[in-house]
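Two complexes are shown next, each including chain A; its partner changes from chain B in the first to chain C in the second.
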Partner chain A sequence: MDMSEEVLHQAAPGVIPGSGTARAAKPARLSPSVISWLQAGPMMLVFVAFFLIPLVFVVIVSFWDYNEYQLLPAFSGRGYTDTFEGCIDKLPELCTIGRTYVMTLKLCFMVWAITLFIGFWVAYFLAFHVKSKTWQMGLSLLCTIPFWTSNVIRMIAWIPLLGRNGLVNSGLVKTGLVNQPLEWLLFSEFSVVLALVHLFTFFMVVPIFNSMVRIDKSLIEAAYDAGATGFQTLVNVIIPLAKPGIVIGSIFVITIVMGDFITIGVMGGQQIAAAGKIIETRVNALQFPAAAANAVILLIITFLIITMMSRIVDIKKEL
Partner chain B sequence: MKEGRSRSFYVLATFFAAYVLFLYGPMIAIYVLSFQGPQGGLTFPMNGVSTFWIAKLFQGTGIVDLGAAFRRSLLLGIIVMIVTVVLSVAAGMAFRRKFKAQSILFYSAIASLIVPSIITSLGISLEFRIIDDLIKAHWNENFETSMGLLTSGLGAHLTWTLPFGLLIMFAIFNRFDPRLEEAARDLGATPWQTFRHVVLPIILPSVIGIGLFGFTLSWDELARSSQAIGAVNTLPLDLQGLTTTVTNPDIYALGTVISAVSFTVITLALGTIHVLNKRQAAKGSDAGQGLV
Partner chain C sequence: MTEKTRTTGVSRRTLLKSTAGLAGLAAGSGAITGFPYVMSAEPKVLRYLGTAVNEGDDISKQCLKDTGIKIEYITATTDDVTKRVMTQPNSFDVLDTEYFSLKKIVPSGNILALDSKKIKEFDNITPVFTKGETPGGKKIGGQGTAPWKVLYLEGKDSKTFSKTPTEFVTLIPTVYNADTLGIRPDLIKRPISSWSELLNPEFKGKASILNIPSIGIMDAAMVVEASGKYKYADKGNMTKEEIDLTMKVMTEAKKAGQFRAFWKDFNESVNLMASGETVIQSMWSPAVTKVRSMGIPCTFQPLKEGYRSWASGFCVSKGVSGAKLDWAYEFVNWFLSGYAGAYLNRQGYYSAVLSTAKANMEPYEWAYWMEGKPAEKDIKAPDGSLLEKAGAVRDGGSYEDRMGGVACWNAVMDENDYMVRKWNEFIAA
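Coming up: the complex of A and B.
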């Protein structure tokens, strides 16, 4: 994955190999590689036990059989055949899983486009217009603090504003703009997109800001001196140099929305089907192999999207 | 650079202000609404002002057993915070040297961050179910479950907090001057003394930042807990359960209480970081102040 090398490169370009702490001239010293293992081992162990092995189990269980109440450890493709039921007979109409993924991708695209727009300009303002380091820190902190508070609370916070008797509707009715309260404000696709944008624009702002503060300001002055307009500078200098941040932010937002089931559940009034929600529904019905099969499908699609995105960047880099 | 502020500054400043209002406005609305009068409903206008709904939560007569869920979430949050800080600092130190499997650990952390939470959560729950079945089949027929707050729950939270901790450590050591350690070594410090008296004091403010991420991300965690927490609920899970059924402001009161804990922790952490930075600025170095 080229994209992750980009992250590594961004995160630790200055780390100097061989400058560690383990060169003291003690007789009973441990070798550097043993020390590295002692230092990094515990974290690796956590990822093995609670991330890598569980992923392997998801893949294995997706090929198991099941009945109403338990897992049957025997090979079966039922998890997948149940999931794709009707996909061929119903053509050209979309089957349930097809419609669900179309819906998920649609939400994904809308949230991605809006968070990218907001995230880009917020990061741009912080990186280029806020000159004092103290103000930059303070304003970045202001954007970060909500990330440290509960997502559910930030979702339900929209209820008093968007509900049938909420602030927005009563305002609209009072001013005579509408005759009766708008129903589509809450528990709708609109409120899902709004809440997702509200929750996750942060994941765009941080990486784009990080890319932008690294841009050498003299490059921008050079562009101006060479007669470029503000728009030309933006398109030909700033956006290409901010691209790693844009891609990293996009990957965060897209993977979060692809797997989301909580925001879509709460803000969609439990009525909107999405990729993450199917998995939850199957688990609640104790159909673990079917849940696992859906998880594998989601994983593959997410991985394809990430691969595609990291390609886009590399191609542009070649030009 | 140009004199004064350009027009684009004012346009973008307005845009930024609107974004901040969008971020905070709705949250502030529910904090205000949690102080509804006893007859108040879910929306504005306020029907009197009281602490009725918040008091109701603490009396335990309300919607959830707040006390128990509160203690569970707090316990888990503190443990996750400590483990995240210790493992991240240790692994961050390891990454300053090349070692085998370095890229495996790095990619695991990044993958753990971006693989959808529901998949990780499902995987952990399957893993523990299979472990339970094995124990029941081979050792103890009466065994209940190995799933729980401090086994599968703790693991699920760590897959979310550790990647953040590791990335923050990368950022720290990015701007760390290794000559300070060389100086310590030349003066005869052992590796541990170098870490304890030179490295740790310098990186401490950022380490507190890692703790802040560890606690708050765990305190509010929902997606990964959903399948992996076992029989008991954490506070955010209780809150999510309420969103479909509740019709009065207890839900806002609960939201306000949960947020109050978050804000207390954020304030404490940021305050400590500020004090430490000030101390470092004042006492950290006498470079450039001349000899004697």
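Coming up: the complex of A and C.
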């Protein structure tokens, strides 16, 4: 870090010709663009090797044919046509893929709305009500508690809590609030949303908190001095300035939930369709091209959502 | 008990081990790099890819003691095992897989035909595999991918299954069982005798099936047939119309809220049953045992329509040759020689060579597990934990009764692709 900054300082301000001769020994006369390439290079290489190239393969394979035991590298749209099977002739009823995406988007929207609400207020509390840096750090670390155990254990732990004979139900029955255990507490959309919110609120808290601590406190004082109410300050000052954090948090949550099938599977009792679940079933049946086609569709839809969101806020500009 | 039963997912440790094994192979194997190496300096190591059913630490320890062969387990789910055989055939030496996978594995050409003459106990393998009948002569149902349909190949390098016995064997059987529904007798409080009970509205919101399409649909077919809605020519190889019909029945039940949850791994099925979330569900024998060992009543209920059976055994990778191949044969021969068979029998599975397993079991154990007689003494698991108190009788009774009652075998259908799509539709409904 220090090294590169030094290099930047040397190279950046106009690069005075001649000053190089004084320090001829140092090959520090890289142009700014080369330096930025060097800085971005390692990440870019990782990105190309482990993301772009595999992605290209996925797209290629999605147009291949297959049989029971191997990929047939011949062009075929079968992965896609099979996926959209019945989408036209079943109208007005939704086809499998249509239904799956309606469900996935519905879950995604609910989780997004709830994590945003909770995450915003947790971040607000951390940024404006907790004065000491140490406490801010400590409390935000507390938000990571859901990640201290493995995914599977975390989800299995819900059964003794929400199950038919679980803590919540036996509590409700004992207090006489309900006569029979509530079935919808577990293996339902409710439990899926609950588990996802529990897991992913953290991804909302961190970027929003990060945006909020960078808000100049004098702006809030100015708003107060100008006679703005707390609500007006929130809507006109804090929310607009926290927007980049909100959008980044939203992108985290939405992309994770769109592709999730493990949490939805376990918490939904494997009875709730998910875009990721279709891919998993296909992969397990060794139907890789069909799985790849579904992955491409999922990618396109997720990408569209994110494009829409970045229309609302220009993240590049805000950062 | 848990370690000896099927679990899904590759644990971090096994993954590390297997990747380390891979790296080791790439670095050290003469077979791959083509460099000669000194045989005697090599420790006898076999990489064993399979599900957790046969993969006990006790078994590998005993094997090392008896033969000097060190077994390195690579544990994966049934689906992942098959995937690995297709995509990384050089990442294992010995493959432990199920017969129904052979319809995918054999055409891929990634496994070696085994020579039946080199298997010492081959002629003593139970006729369940070779003839499709029990030792007592009962004919066994052959619907689905029954082992005897895919046991032999036409030639050494053939990819075609032979209808008649040849000396080229695809998979040497080791372990198998007859699966049925597990029930909670304390919550159901009445006798259950038919697969049709799975969709009985009486158990609304308390039933479950497996979320492994190829197995789940077979259980569904047992239900459809039991309720008299349709009679299949072969439940393990349905036509498109039959798949549609089966999935329609299941979809209606799902929409009516019949199922509490579908399960995918061993522990899930145990949790569902033990917590009372479900009272009737398709299940595996050791899962029932595990629920019972928690002090919760659970029965592996024999049903009048019969059992759905599965069987697994050993294949050898095409990449294995020379001394390693000899070790592979040595290992398979050791596995059939009794210790492992007795071990599996004590878990409630069945061993492929009955005579050698019997020699390694106490007479009272054999009487309980295999002859369906009341236990003379307490019955213990291989790890020494108590399974049943003296006087208990095994659910479903004797080997003859249970294996003789098999109606169909786990299968891969010709219409597998269509079935998988329909299964996704079912989940989305």
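The working rule: the second predicted complex is superposed on the first by the 260 of 319 C-alpha atoms of A that agree within 3 Å, B and C clash if a C-alpha of one lies under 4 Å from a C-alpha of the other, contacts with A are read in each partner's own complex, and residues count from 1 in each chain.
Here, a residue touches a chain if its C-beta (ideal position, glycine included) is under 8 Å from a C-beta of that chain, and two chains touch if they have at least 3 such contacts.
Computed from a predicted structure; not experimentally measured.
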{"item": "Touched partner set for A:N165, first chain B, second chain C, both or neither", "value": "both"}
{"item": "First, second, both or neither for A:I156, with chain B first and chain C second", "value": "both"}
{"item": "Which superposed partner A:M43 touches (first chain B, second chain C, both, neither)", "value": "first"}
{"item": "First, second, both or neither for A:E85, with chain B first and chain C second", "value": "second"}
{"item": "A:L286 touches, of chain B and chain C: first, second, both or neither?", "value": "second"}
{"item": "Partner chain in contact with A:G276 - chain B first, chain C second, else both or neither", "value": "first"}
{"item": "Most chain A residues touched (candidates chain B, chain C)", "value": "B"}
{"item": "Footprint overlap on chain A, where chain B in one structure and chain C in the other make contact", "value": "152, 156, 159-160, 163, 165-166, 266, 270, 283"}
{"item": "Interface residues, chain A side, partner chain C - complex", "value": "68-70, 82, 85, 96, 99-100, 103, 152, 156, 159-160, 163-166, 183, 186-187, 265-266, 268-273, 277-278, 281-287, 290"}
{"item": "Touching residues (chain side chain C, partner chain A) in the complex", "value": "9, 79-80, 82-83, 86, 103-105, 107-108, 205, 211-214, 254, 259-264, 267-268, 271, 275-277, 412, 416-417, 420-421, 423-425, 427-429"}
{"item": "Residue ranges of chain B touching chain A (in the complex, touch as defined)", "value": "1, 8-9, 12-13, 15-16, 19-20, 22-27, 29-30, 33, 41-44, 86-88, 90-91, 93-102, 104-112, 114-120, 122-127, 129-130, 152, 155-156, 158-159, 162, 166-167, 170-171, 173-175, 178, 181, 185, 189-191, 194-195, 199, 212-213, 216-217, 219-220, 222-223, 226-227, 236, 239-240, 243-244, 251-252, 255, 258-259, 262-263, 265-266, 270"}
{"item": "Complex contacts: residues of chain A adjacent to chain B", "value": "1, 4, 7-8, 11-24, 26, 32-33, 35-40, 42-44, 46-58, 61, 71, 118, 121-122, 124-126, 129, 139, 141-143, 145-146, 148-161, 163, 165-167, 170, 198, 201, 221, 230, 251-252, 255-256, 258-262, 266, 270, 276, 279-280, 283, 288, 291-292, 295, 298-299, 302, 306"}
